[in-house]
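Look at the two complexes coming up: subunit A is in both, with subunit B in one and subunit C in the other.
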Partner chain A sequence: MGVTLAARPATVRDGSGRRRLRVRRLVALFALLLALLAAVTLSIVYGARSIPFHAVWQALANPAGGEADIIVRSLRGPRTLVGVLVGLALGAGGALMQGHTRNPIADPGLLGVNQGAAFAIVLAVVVFGVHSLYGFIWFGFAGALLAAVVVFLLGAVGGRGATPVTLALAGAAVSALLYGLISAIVLGNRQGMEIYRFWHVGSIAGRDFAVAGQIAPFLLVGLVLAVANTPGLNTLALGTDVATSLGQNIRRTRIVGVLAITLLVGTAVSACGPIAFLGLIVPHLARAITGPDYRWLVPFAALLGAILLLVADVAGRLVSGDRLEVGIMLALVGAPVFIHLVRRRGLVRI
Partner chain B sequence: MRGVREVPALPGRKELRAGPAAWTFRPRVVAVPIAGAALLVLVAALNIGKGSSHIEVLDVLRTLLGGGDRRESGIIFDLRLPRTLAGVLVGAAFGLAGAIFQTIARNPLASPDILGVTWGAGVGAVAVIVVGGYRGQVSGAAAEIGVPLAALIGGLVAGLLLYGLSWRRGIDGYRMVLVGIGLSAIGYNVVYWLLTVGDVDDAARATTWIVGNLADVGWESVGPVALALALLAPVTLGCAHLMDGLQFGDETARGLGIRVDAARGTLLLLAAALAAVATAAAGPITFVALATPQIAMRLARTARPPLAGSMVVGALLIVGADLTVRMVAPDLPVGVLTAILGAPYLIYLFARSRRSEVRA
Partner chain C sequence: MTEARLKADGIRLGYGERVVVDDLDLDVLDGSVTVIIGPNGCGKSTLLRALGRLLRPREGAVLLDGKRIDKLATREVAKVVGLLPQAPSAPEGLTVADLVSRGRHPHQSWYRQWSAADEEAVTRALSLTGMAVHAERIVDELSGGQRQRAWISMTLAQDTSLLLLDEPITHLDLAHQIDVLDLVHRLHTERGTTVVMVLHDLNLAARYADTLVAMREGRIVARGEPGDVLSEQLLSEVFDLDAKVLPDPVAGTPLVVPISAHLRPEPS
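Entry: the complex of A and B
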C-alpha cells in the first residue's frame, strides 16, 4: 500500500498519463536491450583485428580452431561477458548507492568497497605473495565486504541507524583511511606498486570465462537483492519519517541495500579494478529516462552500465589497440558527453 | 513599554554589550579557532624543533619572535620554517576551500578533488614529472618551478572550466556538482593514464606528489600560498554572510536579498583559486578539504562549516600529520598520514555526536 503510493511519480496524475509513462518506459527498455545486443556484437567483432560476422558466427557455432575462432572464443567472448556482468553490476550498484545516500555524487565505491578491495589485494601481493588474478578476486572480495560492513556499522553507530549523511561520510572517511594505508604500503614496495597501479586503472581485458564464472553467482544474487530493494528505496526517498509512518522497516531496507551494493560492486571491483566513473554517471542518465521511480531506475541503470562499458571498451581498443584501459576511455569520452548532457537537459534531481 | 525591551535570548548564543551596542556570538564558534590556533603554535614549534639538531620548543618560539641566537635562527629560518609554514598555509587554504565548496554545493562530499580542481592541478604536475623534461629526470629548475607552476595553471584552468561549464543562466549548485564530477573523472584518469605510461620510478614519484608531500618545500613555494591566502581569505570571510544565506537553498537565499548566481560564482572561483594554489605547493592532500570542514563543523556545533575553524583545523591536521610522519616513517609523504590520522577522528566525532545531531 505504502509502496504503491510512494512509487507513483509526482508528475503523473491521471490514468492515461500513467499508461503513457509505462509505454514510454517499456519502449525505452526495449531500445536499451537492442543497444546492449549491438554493443555485444561490436565488442566481439571489432578490435585490433576486426572479424567478419560470418566468422564470428562460425566461431560460436562450430569452431574449427582457426585464428578467428581463438580470438572470439578465448579473448573477446569472455571479455565481452565480463564487461556485461560488471557493467550491469556497477550501474545497478551506483543507482542503489545514490538512493541510499540520497547524494548525486555518491560513487558506488563510496561504501569503502573500492578501497577495501584495493587494500586486500595490495596485502595479498605484498604479504602473502599472491600473483594470480583468481587469487586476487577472493582477497578483493573479502576486503570489499569487510570495508562495507565497517562503513555501515560506523554510519549506524548510536542514533536511529544509518542516515544518508552519516553513511556517505563514514564511507568517505574509511575510504580515505584505507587509501592512506595503501599508499603507505605501496610507496615502500616496488612490486606492490607495479601491480597496484595497473589494477587501479580498471580493465576488463585478459579476463577469461573462469573469471566470469567466479563472479557470476555473486552478481546474480546482488542483482536480485537490488531489484528486491527498489520498492523500499522508493519509500525511503520520501524521508525516513514518512517511510516509518508508512510501515517501512528502514533498518531492513538499508541492510538489504548495503548487501546488494557490496555484492555487486565488490565482485566487479575485485575482478576488474575500480572502473570509477561508470557507476556515478549511469544513474543520472537512467533517471533522465525513467524519472525517480527506483523500480525502473535500477534495471535501466544496470543496462546502461553494461552498454556504456562495452562501448568504451571497444572505443579504447579501436583508438589505441589496448593501450587505453576501459576506465580511462570511459572517463575521457564519457565525461565530456556527461557534462554536455548535464548542461543541456538539467537532469532529474534525487 | 518599548523602552524596556529585552534582547531576545538566542539559544546557544552569548551576548556582549558595550554601552548602546550589543552583539551576540556563539561561544564555540569563537573558541574553536582560538584553541586550535594555540594548539597549532605548539605543534608547529614542535615540528620546527625536530630535525638533525633538536631545538627545544621554547627556543623555537623565542627565535620566531626574534630573540634566538645566530645558529638557531639560521637553522630555523633557512631550513625548517618553510616546511612547517607551508603545512600551515596549505592546510588553511584546503580547509577554507573545502568549507566554501561544501556550503555552496550544500553537499558534505563536495571538495576540490571531487569537483575536479585538484585533479586539474594533478594533470599539470604529473605531466611535467612523467612526460616533460628529460625522461625520468625532471630535476633542478624544472622540478622546483615547473611542477608547482604546472599544477597552479592546471588547477586554475579546472576551476575556470568548472565555472564556465556550470554557468547556464546562473550557477546552479546541483549542476555545478555534476559538472565537477565529470571534470574530476577526466583529470583523475588523465593522471592515472600518465602514471601507467611512465616508468615505475616516475610513477612512484608522481604517486608521492599525488598523495601530498611537504618534504621538498622551500621558501619559493611558501610565497604563492601566503600571498593567495592573504588576498583571498579576507575576501572569503567577508562573503560569510552570503554563505549563511546560500546554505538554505536558492529560494530562501533570494528571499534574503542575496544575488545567488553572482555569490555562488564568486565563491566558486575563490575556492578554486585557494585549492589550486595549495595543490601547487604540496600536492593534492585530498582528505583535508573533505574532512576538516566536517570536523570543524562538529567541534563548533554549527549548521554549516565554520570558515575560521576550518582553516585552523586544516592547518592543524597537516602540521600534526607532518610531525607524526617525521617521527614514525620519515620517507612517507605527509598526505598518507593526514588520512590515517584524520579519518578515525572524523569517524569518532560523528559517531559521538549522532544522538544530538539534527539529521540532514
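Entry: the complex of A and C
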C-alpha cells in the first residue's frame, strides 16, 4: 500500500513544507472519499448474485418491486449503510483509543466496552427473553456504557486520576470478569449460546434500515465529540505535563474522549458484534498518510475504517457466498497486514 | 526587580504518603533568572512542578499575580507561564514546525484556529533558537541539542513572560549545554523573560543565575546572588561535598572545584 512518510527535506522554513503537507492531505482525503464511494458501489452491486448498475440505479430511483429491487433496497442497501456507519465508528474510536493511551496496540475494546455489550446482550436473551435485534442493541449499548463507566471509575481510584495504564488495567480486569460471567451463563443456556455465538462473530448482514436509524444518532454524536477531542489529543501526545502547561484541561479531555469512544464503539459493537482488528489497524494506516496530527488522523481513520469494512464484507460474500462474516474476513486479512506493518516499520511511538 | 508575579506561599508538596517539600516560601523576582540547585531528591523538580501548577500543594498556595494558580483557568495560566518538563517525548513523525505550532495551543480555540499572530510567533520562536533551518525535519531525527532547542522553541511560541525549565541541559554535551543556556540568557536580556530553572551543574548555575536557590530535604537552605550563596560551607551543608570555591576566571562567578577522596590530605 502506498505508505509514505511526511516529506522531510531540510529546507528553510518558508511555509512551503507545511503547504505541501496540507495539499497532500487534501488530495489523500479526496482519494479516500472516492474509494469509499467505490466500496459502497461494490457492496451494493456484488454478492451471491450481482446486480448490474442500471438495475441498482432503477432500484434506488424507481423501484418496481422486482427481485433486484428487493435485494438492493432491503438487503444490500441497509447492510452497506450499517457497514459505513460502523466502519466510521470503529476507525475513529480506534484512533482516539490509541491517542488517549499513547499505546500503538490499544484496541477500542480496551475499556471493557465489548464484554460489557456482550454481557448485557446475554442477560437480555436469558433473563429478559429479548429476541429481536432492536432490543439487543439497547441492552448492548447500556452494557457498553456501564462497563466503560465502571472501568473509568476503577481507573481513577487512587487519587491521581485515571491514567492510560490504570484504565487499561481496569479494562482488562472488568473484561475478564464479564467474560467469565458470560461463559457461566451461556454454557447452561442453549438459546443464549446460539444468540451469543451469532452475535459474537461480528457481522453487518441482516441489519435493516431501522437498525441504521437506531444507531446513527449515537454515532453522529460520537463522531462530533471525537473531532472536538482532536486538538486536546495533539497536546496529550506531548505528555500530560506538557499538555497541562499548554493549558489543556486533562480531565475534561479524557472524559470527552472516553465518552466518544464509548458512544462509537459501544454502538457499533451492540449492532454488529465485536468486529476484531479494524479499530487496531486502521489508525496505523491513517497515521502513515497524515502523520501524527490527530485533527487529520481521526477523520482519515474513520474513512479508512468504513472502506476496509465494506471491502472485507464484499470479499467475504464473493469468496464464500456470504458464509464468512466480515468479522472473520477482517481477522483473516487484518492479522497478516498488521504483522507486515509492524515488521516493516516497527511499532510507532505515539 | 522588586515585584514577584509568581510566589509560593507556605506550600507543602508530596506524592502519596510522602511529603517532599514542607512549608516553603519563594518569591520569583520579575525579569530575573532563578536557578534552583540541590542534591538528588531534595524536591527541586517537585517545587518547579508546583510553580507550573502541575502539582497541587497540600497546604499553602502558589500565587500568580496574587491569585491562587489552581483557581485560575488553566488556559489563562498557559498564556503567562510556560513549563518545559525533564526529557519530554514527541510522537513519532512529528516535524519541528508542528511541535512548535502546538505551543500556540493556549491562544487558540474552536472558533479561533490558526491565525497570523500564531504564524508570527512560531516563526519568531524558530529563529530565536536557530531552528528555522530545521523546521521541516522530524523531531526524532535531530541531535540531542537540536531536539532540546526544538522543545524550547515550542515553549517560546507559547509567548509567556515566565518560563520554567526542568533540567534543560541534562544529557547534552558541554557545547550544547552552553548553547541552550546562552539562549536562555538572551531571552532574559532581550525579551525580559522571567526564568526559573533547575540545574545540576553548579558552575553553570552560578554563571547564569541572578538568584540561586539552594535546597536540601524539601527546604530552602540559602538564596541570593551566586557569589553570596555558593560557599565552601554551603556545599558541605547542602551536598555533603568537600570542595574549594574559586572565582571563575571567565565570568568571575564562584567556581566549584570538588576535592575527591583520594586527593584529600591524609589526616596526621
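Convention: the second predicted complex is superposed on the first by the 330 of 350 C-alpha atoms of A that agree within 3 Å, B and C clash if a C-alpha of one lies under 4 Å from a C-alpha of the other, contacts with A are read in each partner's own complex, and residues count from 1 in each chain.
Here is the rule we go by: a contact is a pair of C-beta atoms (placed from the backbone, for glycine too) under 8 Å apart; a residue touches a chain by one contact, two chains touch by 3 or more.
Computed from a prediction, not measured in an experiment: that's the story for all the values here.
Once chain A of one complex is fitted onto chain A of the other, the partner contacts of A:N234 are limited to subunit C, with no touch recorded for subunit B. Looking at the shared chain after the overlay, A:V174 reaches subunit B, while subunit C stays out of its contact range. When the two structures are aligned on the shared chain, A:V298 is found in touch with neither subunit B nor subunit C. When the two complexes are overlaid on their common chain A, residue A:V126 makes contact with neither subunit B nor subunit C.
When subunit B and subunit C are set side by side, the one touching more residues of subunit A is B. In the superposition on chain A, A:R287 contacts subunit C only, with no contact to subunit B. After overlaying the two complexes on the shared chain, residue contacts for A:A276 are found with subunit B alone; subunit C is out of touch. Of the two partner chains placed by the overlay, only subunit C lies in contact with A:Q248; subunit B stays clear of it. In the superposition on chain A, no contact is made by A:V311 with either subunit B or subunit C. Residue overlap on subunit A between its contacts with subunit B in one complex and with subunit C in the other: 159, 349.
Residue ranges of subunit B in contact with subunit A, taken from their complex: 107-110, 114, 165, 168, 174-175, 177-183, 185-186, 188-190, 192-193, 195-196, 200, 203-204, 207-208, 211, 286-287, 290-291, 294, 329, 331-333, 335-340, 342-344, 346-347, 350-352, 354-355, 357, 359-360.
By the touch rule above, subunit A contacts subunit C in their complex via residues 5-13, 15, 17-18, 102, 159, 228, 231, 234-235, 237-239, 241-242, 244-249, 287, 291-293, 348-350. Residues of subunit C that touch subunit A in their complex: 16, 49, 52-54, 73-79, 81-85, 88-95, 97-99, 102-103, 105-106, 108, 110, 119, 123, 126, 132-138, 141, 155, 158.
Remark: subunit A residues 103-106, 110, 154, 157-159, 163-166, 168-170, 172-174, 176-177, 179-181, 183-184, 186-188, 190, 193-194, 197-198, 200-201, 240, 276-277, 280-281, 284, 324-325, 327-328, 331-332, 334-336, 338-339, 342-343, 346-347, 349 touch subunit B in the complex.
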